[in-house]
Amino acid sequence: MDLAKLSLSDQAVIASAALILFTSFIMLAQARIRPLIYAFAWQGVLLALITALVALVSGQSHLYISAALTLGLKAFLIPWMLHRLAVRLNVQHEVEPLANPSILLLIGSALVIFSYYVSVPIVQFSTLVIRNTVAVSVAVVLLGMLVMVARDKAIAQVVGFMSIENGLFFAAVVSTYGMPMVVELGIAFDVLVAAVLFGVFFFQIRASIDSLDVSRLNRLREIDE
Amino acid sequence: MAALDIAYVAVLAAALSGVLPLLVARRRYAQRVAFALLAVSAIAAIVAGASALTGETTLAERLPLGLPWLKWHVRLDVLSGFFHIVIGVVVLATSFYGPSYLREYESGQNDPTVLNLASGFFIAGMLLVLLADDAFSFMVAWEVMSVASYLLVTFQHEHAANRRAGFLYLLMAQIGAVGILLGFGVLATFGGHFTFDAMRGGNVPAAWASVAFALAFFGFGMKAGMIPVHAWLPEAHPVTPSHISALMSGVMLKVAIYGFMRFTFDLLVDVQWQWGVAVLLIGAGSALFGVLYAYVQQDLKRLLAYSSIENIGIILMALGLSLIFVGGGHPVLGAIGLVAALYHVLNHAVFKGLLFLGSGAVLYRTHERDLEHLGGLIHRMPVTAAVFLVGCVAISALPPLNGFVSEWLIFQTALQAPALENGVLRTLLPIAAAVLALTGALAAATFVKVYGIAFLGKARTRHAAHAREVPRGMRVGMVLLAALCLLLGVLPTTVIGVIDAIPQLLIGQRLPSATAHGWLWLTPVSPDIASYSAPLVLLAIALSFFIGRRLLPARQVRRTPPWDCGFGPLTNRMQYTSTAFAMPIRRIFAPVWHVQEQVEVTRRHEADAPPTGLRHQLHIEDRTWLALYEPIGHYVIGAARAIGLIQTGSVRTYLLYSFLTLLFLLWIVT
Amino acid sequence: MTSLWLLLAIALFGTALLALIGHLPYAGRVSVIISAAKVAASLWLAYGVLEHGPLLSAGKLFFVDAFNVYLIVLTTFVGFTTAIFSHRYMAHEADVRGLGHRRMRLYHSMYHAFLFAMLAALVANNLGILWVAMEGATLATVLLVSIYRTPESVEAAWKYFVLCGVGIAQALFGTVLLYFAAEQVIPNRDDALLWTVLYATAGSLDPTVLTLAFVFLLIGYGTKVGLVPLHNWLPDAHSEGPTPMSAILSGLLLNVALYALVRVKMLVDGSLGTNLAGHLLMGFGLVSFMAAGLFLHRQRDIKRMFSYSSIEHMGLMTFAFGIGGTLATFGALLHMTVHSLAKSALFVTAGHVSQVAGTQRIERIRGLIRTQPALGWSLLIGTVALAGFPPFGLFASEFLVLTATINSWPWLALPLLVGLSIAFAGLFRHLQPMVYGEPPPGQTPVRVNLLPVLAHMVLLLWLGLAMPGFLADWFKQATVLITGSWDTDELL
Amino acid sequence: MPNDTVLAWLLAVVQTLLFIGAAPLLAGWIKRVKCHMQNRAAPSLIQPYRDLAKLFRKELVLAENASWLFRATPYIVFAALVLAAATVPLIALSSPTAAIADVIVLVGFFALARFFLALAGLDIGTAFGGMGSSREMTIASLSEPAMLMAVFTLALTAHTTNLSEAIEHNLAAGLVLRPSFLFALLGLTMVAIAECGRIPIDNPATHLELTMVHEAMVLEYAGRNLALLEWAGQIKLMIYGVLIANIFWPWGIAETLDAAALGVGVVAIAAKLTGLGILLVVWETVIAKMRLFRVPQFLGFAFLLALLGMLTQVILETGT
């Protein structure tokens, strides 16, 4: 497929898909908490943008609603909540020393290739012009998991979790113009509640081990001391 | 009322004997009710079995229980009838014995109603196993039996040893049961259904038949206590109340034998002689190993438990011979082996029951199980001593009592080896017979030791010195079994005339010649090959007594202290101990046991001074523990530790797992 | 139809009501009453389904057939008995652990919220809704896990939350892929996630996409089922949360997750024609079965031990569903029922036990039969039932599964045999010292309500000795649904 | 016919009485020959009868705590051995009593006697008795399999365990050089030496606690009881002798019940036993008593011989 042949909006979609992937990499590499949250917010913005564009191209009006939802939740509400929590827990300036980011980024790029390899059958099968972006969505999901695996800080893990959600949502949009409305609403609700609960947990964790370092949550295990 | 209904009565009465006492307020009456019901159950079982056996009838029907498409099939034929009698006899004796015996448990801290409940369901389960005619109900009954007996083993759970025994027992019962289940599964796969009828019908390929046989042999053998999967037996049997030990050793092991016979001779339609060789060898091993271990035991009940292993080995040898002959195309000789096995099943049930009840009586009065603490009981407990002696003579396979008949039949079977084509077998069988002879001789030695140390000589402890004869109920129970020992020993021809309906059912062959010459002469093959007339033997012995004691009585009898070599009077500590008695055999067969023996000599000061004290410690351990069980345990624990390593406690690791699993799956599907 | 709405309405109402009055002393009774009402409604629903066949709600949002209707009844029943238990239990806990009003409100209302989520997941026709409900179940219970606020409980809750969240996210991706495959062939986009529609058109769905979808769904719902190595949240959550919650988690949540997995498997099988999904399930099931059996040997906490045994049993069911075929599936369905009955009963007992001993640590619990015979015996008998001894129902189901294995995969019967033995040893080596022997000083009886245990045991006996005809038909219909046929000559 | 059976039974009883009557004579003969060999003044042949008679006349002395078992044992032992004697053809074959017991039951009788003897040894509670019983049972449990092995070899050849049938078979077969018989003979002889408590296993003439086995068990017996036990021992020795003699050299034994044949039979068995007695004495004079823990090797060797006999029987004589 030749990018030049596509309409501007399609090109825009593809471009922003690339940007989303980029934001995922930023989250992977970013050691500070606050920029991490910003990166996540940007990802949300881009996602909303894409949703709107897809709605524009495909004329699927219900996608506008989900675009709005995305913007509201992923771009503003959740980042804002996270930030506020970070401030209240006074961790927004914390720096998490990564073992070695370069290896991490290497693995990340390997994951991108892998996800492309995985999504090939889907891509062949799809009728949409922007189908190649499916690979990106898979990559975003896997990168999100990688973030959760790589990060010790609870907030970072939440961000990774949320970016997985982004990836899913992204996939839904670009591969199938989104899910049925009722499902979308349900998912949105769950995400919201999840975010709130995460907030609650930060305080509980903080109260129990007076830090948000999840690597210290290892009392329950089967290895004999 | 048909025999089958009577059999139901037996089962229900047994179950009720467990349940009803819960409703009775006062414990004393509760016990009475329980054992009265057990007696009813026992008599019903005997009647049902006898009518099925003598009438040679086969009754079958379905019960509205079980799985939707697999109702419980029950069936009562000559084989199960015979085992009904075996169970009934011992249970009857127990129901006389129990009420008085359990008195001392009523004051104990363990609720005897649990005992009633468990033993009731234990017996009901055993009877149901005999009735079951499909794999599902069989397994249900089988496991009910196991669980109930487990509760009996752990009844006095304040002792750690009992808990350990119970755990080992239930674990091995579980493993064995799954083995049996798999065996049935193989048959059902080819038979098309889980009913035994379907399995009989199914034509199983030889290889699969062998697999099924191996599984069943493993499973049933584990329950029967064959070497090397016997470890639970010497732990579990001694720790139950004695009348339960009598049931477990005397009857439950036989139920396992029943299962094995049902599976091998009945369900696996055409047997292969190779199986027979396997059974014969393992049987010989169990017999020899069992008796050697029994010989060195101190604990009376533990000794009896090991001797049960020996007798199971003997039964297996008979079955093995029978399999060899049937597989080799000599059904008549196979029938002799089968009859020998069945006869020994009955005999062992009777005399082992008797011996355990006797040991219970000793325990009841002296609270001692250790032989070294007994002695001289023949003066204090004459009846118990007499019946125990009968049991010892019977189990040592001495004429004219019953143990001898079955072993003699086994010898006769083995000596038919020339009929076989395979020369190796022709040599193997007589050697097996020689092993049997060795076993018999060692058994005799063992029980000389038991009786001589426990009942003869002088009392070694205060308990033994102040023992009294046991109450009437217990005596009745024991005398009943003792009388049976004598009857079964003296009238073998009659008994065989009844039970040779079973080979007719299983291998379509009777023993016409065995009973051909009247009740006086037992001629299994033909009179000019071998004959035995137990009644005449008994007559002769009685005659010599008559002549000696009545016709020419001794003029005067003088009682004097025994010859003490001139060193003052003999004390009871100068007697030969059971350890000393067993020492020569222990040295001759040393490699069999794992013996730790240490002698500490304490001297006053310098090395050559005369010793002031001498301490001798002897610890004899079962080799199979070290060789088989402990390694397995270690493997499992090691594996568990290894698997524990994956659960690090770090959420990141766990995420990594699911991440990698995802990648892995994606990779394999694309 | 009304019965269905009624059922869901009651559940929601209970949630809301108890959110308000959950702290009041009689809240426990109210919760019991509401649960009883649910049972009644579910029975009504079941009756309707059995009489008039599967029922599909207007708007095709909900769908009830023989497969899920019996799970619905099971859910409400276990919910009911557990509510009975939790009434007195939580009162005791509230005193001992000093749970405030807020937490009690949270507890009671979340209890019903969880049940609502379970029911919604069961009746949902739309796979998207199913997903939402499953996630909702996690969200409802995650705060209950940490209700004691001990470091361990918070840690457990966090792991539960994160692992299940990530897992369920995979499931969502699988659902998206499913949707993606479906909307190629199904004209109306809104129907493209309806299970009924998908099942009807499964043959025409694209295999490769469905395979990918299945992988994601397997990871997702498999995490909730507790398949090794995705199981790590399970023991923590079970052992650290309040016992009633452990009971319903083990008794219900795992079942429902497995239910979702099986529903998806039906689709995939319909599309692929191969038994790939089955093989994957068998693999995971066997691994979980063996691993959990070994884990049992290392347990120091009574509730943790029983949660590992849950993993073991779920592994067995997964394995059986993987085998497929009439016998195995029937066995698996039966095992679902009997396991959740036995396991919830055991958790109820374990809860009381830990109150008696004042700890959950196994080595400090001794001589229960001496301390409180009723409790000791029910723990012993319950474990015997759980270990698959007759005459209890688990024996029947394990019998079926084993024989099905011998029929189709004879050599896999061997690892099953080994696994069963190992697991049994693992359970009993810990159980015996707890029930037998002399109790330690300071172990005093507590007021217990063993009615739930008794009820479950009676049911187990009934199922084991003589399965009632209607239940058999029920399982039969479900089996037909799952395997597509009732192969009598396979039944042996 | 009944006439015939009555006669047969009568004859059988007479033969048995002769058997137990002659037993002390054999013992006396052996003692006498031994004395000659050791250049000692020999007692008369009938000395054992005198001893028995004296013992029978003596009063009955019992240890204080002797139980009824102790008193019953002599009768049981004696009865068992008389029974055994009744089943062994002495001068005539096919006597009805031979059908009471085959050779395995014969071993059973010996075992029965031994069992009660050992119990009696433990009854008084002296160390000697216990020691004797322990040793006796040890030796027996090793010798019994060897004996049965030897017997089986014959049984396999003759296809019967009934003694008189077996002897008849050997007679009918005439002189056949069977290697299996040679081995069986040796094995059986060694067993017989062990069972009858002869040198090198046991020494009937000793009363040193370290050496005695059989004597230790009967140490507490006196009077009639002792007489019965002594007599039983002599019968046992005689039985083994007759077994060896009549199985391996059956010639001369009466097959028909007419006077001539019976006469020949008497002479034949007398001759055989005389010879055997001499052989035994020679052996006992040249060999020395061995330690208790060398006995297993001795009996093991006996078992090996019997086993070899059986193997040769299967391999060489019948083949496959």
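As written, the chain order gives the labels A, B, C and D, with residue 1 at the start of each chain.
By our rule, a residue touches a chain if its C-beta (ideal position, glycine included) is under 8 Å from a C-beta of that chain, and two chains touch if they have at least 3 such contacts.
Predicted model, so just to flag it, every value in this text is computed and none were measured.
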- prompt: In this assembly, which chains make contact with chain C and also with chain D?
  reply: B
Task: Going by the contact definition up top, give me the pair of chains with the most C-beta pairs touching.
output: B-D
Query: If you take the mean of the Cα atoms for each chain, which one ends up farthest from chain D?
result: A
Query: When the centre of a chain is set as the mean of its C-alpha atoms, what distance in Å lies between chain A and chain B?
result: 70
Field: Cα-centroid distance, chain B relative to chain D, in whole angstrom
entry: 35
- request: Could you put a whole-Å number on the gap between the CA centroids of chain A and chain C?
  value: 31
Field: chain A-chain D separation of Cα centroids, rounded to whole Å
entry: 101
- prompt: Which residues of chain B are in contact with two or more other chains?
  reply: 641, 643-644, 646-647, 651, 655, 658, 662, 666, 670
Query: By residue number and range, which residues of chain C touch two or more other chains?
result: 158-159, 162, 166, 208, 212, 295, 298
- line: Contacts with two or more other chains occur in chain A at residues 118, 121, 145, 148, 157, 214, 217-220, 222, 224
Chain pairs that touch, as defined at the top of this document: A-B, A-C, B-C, B-D
Field: Residue ranges of chain A touching chain C (in the complex, touch as defined)
entry: 118, 121-122, 125-127, 141, 145, 148, 154, 157, 161, 164-165, 167-168, 171-172, 175-177, 179-183, 186-187, 189-190, 193-194, 197-198, 200-201, 204-205, 207-209, 214, 217-220, 222, 224
Message: Under the stated contact criterion, what part of chain A meets chain B in this complex?
response: 114, 117-118, 120-121, 142, 145-146, 148-152, 157, 214-215, 217-224
Query: Which positions of chain C touch chain B when the two form their complex?
result: 158-159, 162-163, 166-167, 170, 208, 211-212, 215-216, 218-219, 223, 229-230, 232-233, 276, 280, 291, 294-295, 297-298, 369-370, 373, 384, 387, 389-391, 395-396, 399-400, 402-403, 406-407, 410, 413, 417, 420-422, 424-426, 428-429, 432-433, 436-438, 464-467, 469, 472, 476, 488-489, 491-492
Contact footprint of chain A on chain B as seen in their complex: 641, 643-652, 655-656, 658-659, 662-663, 666, 670
- line: chain D partner, complex, touching residues on chain B are 375-376, 378-379, 389, 393, 396-399, 404, 408, 411-412, 415, 417-418, 421-423, 426-427, 430-431, 433-435, 437-438, 440-442, 444-445, 448-449, 451-453, 456-458, 521, 527-533, 536-537, 540-541, 543-545, 548-549, 554-564, 570, 572, 574-576, 580-585, 587-588
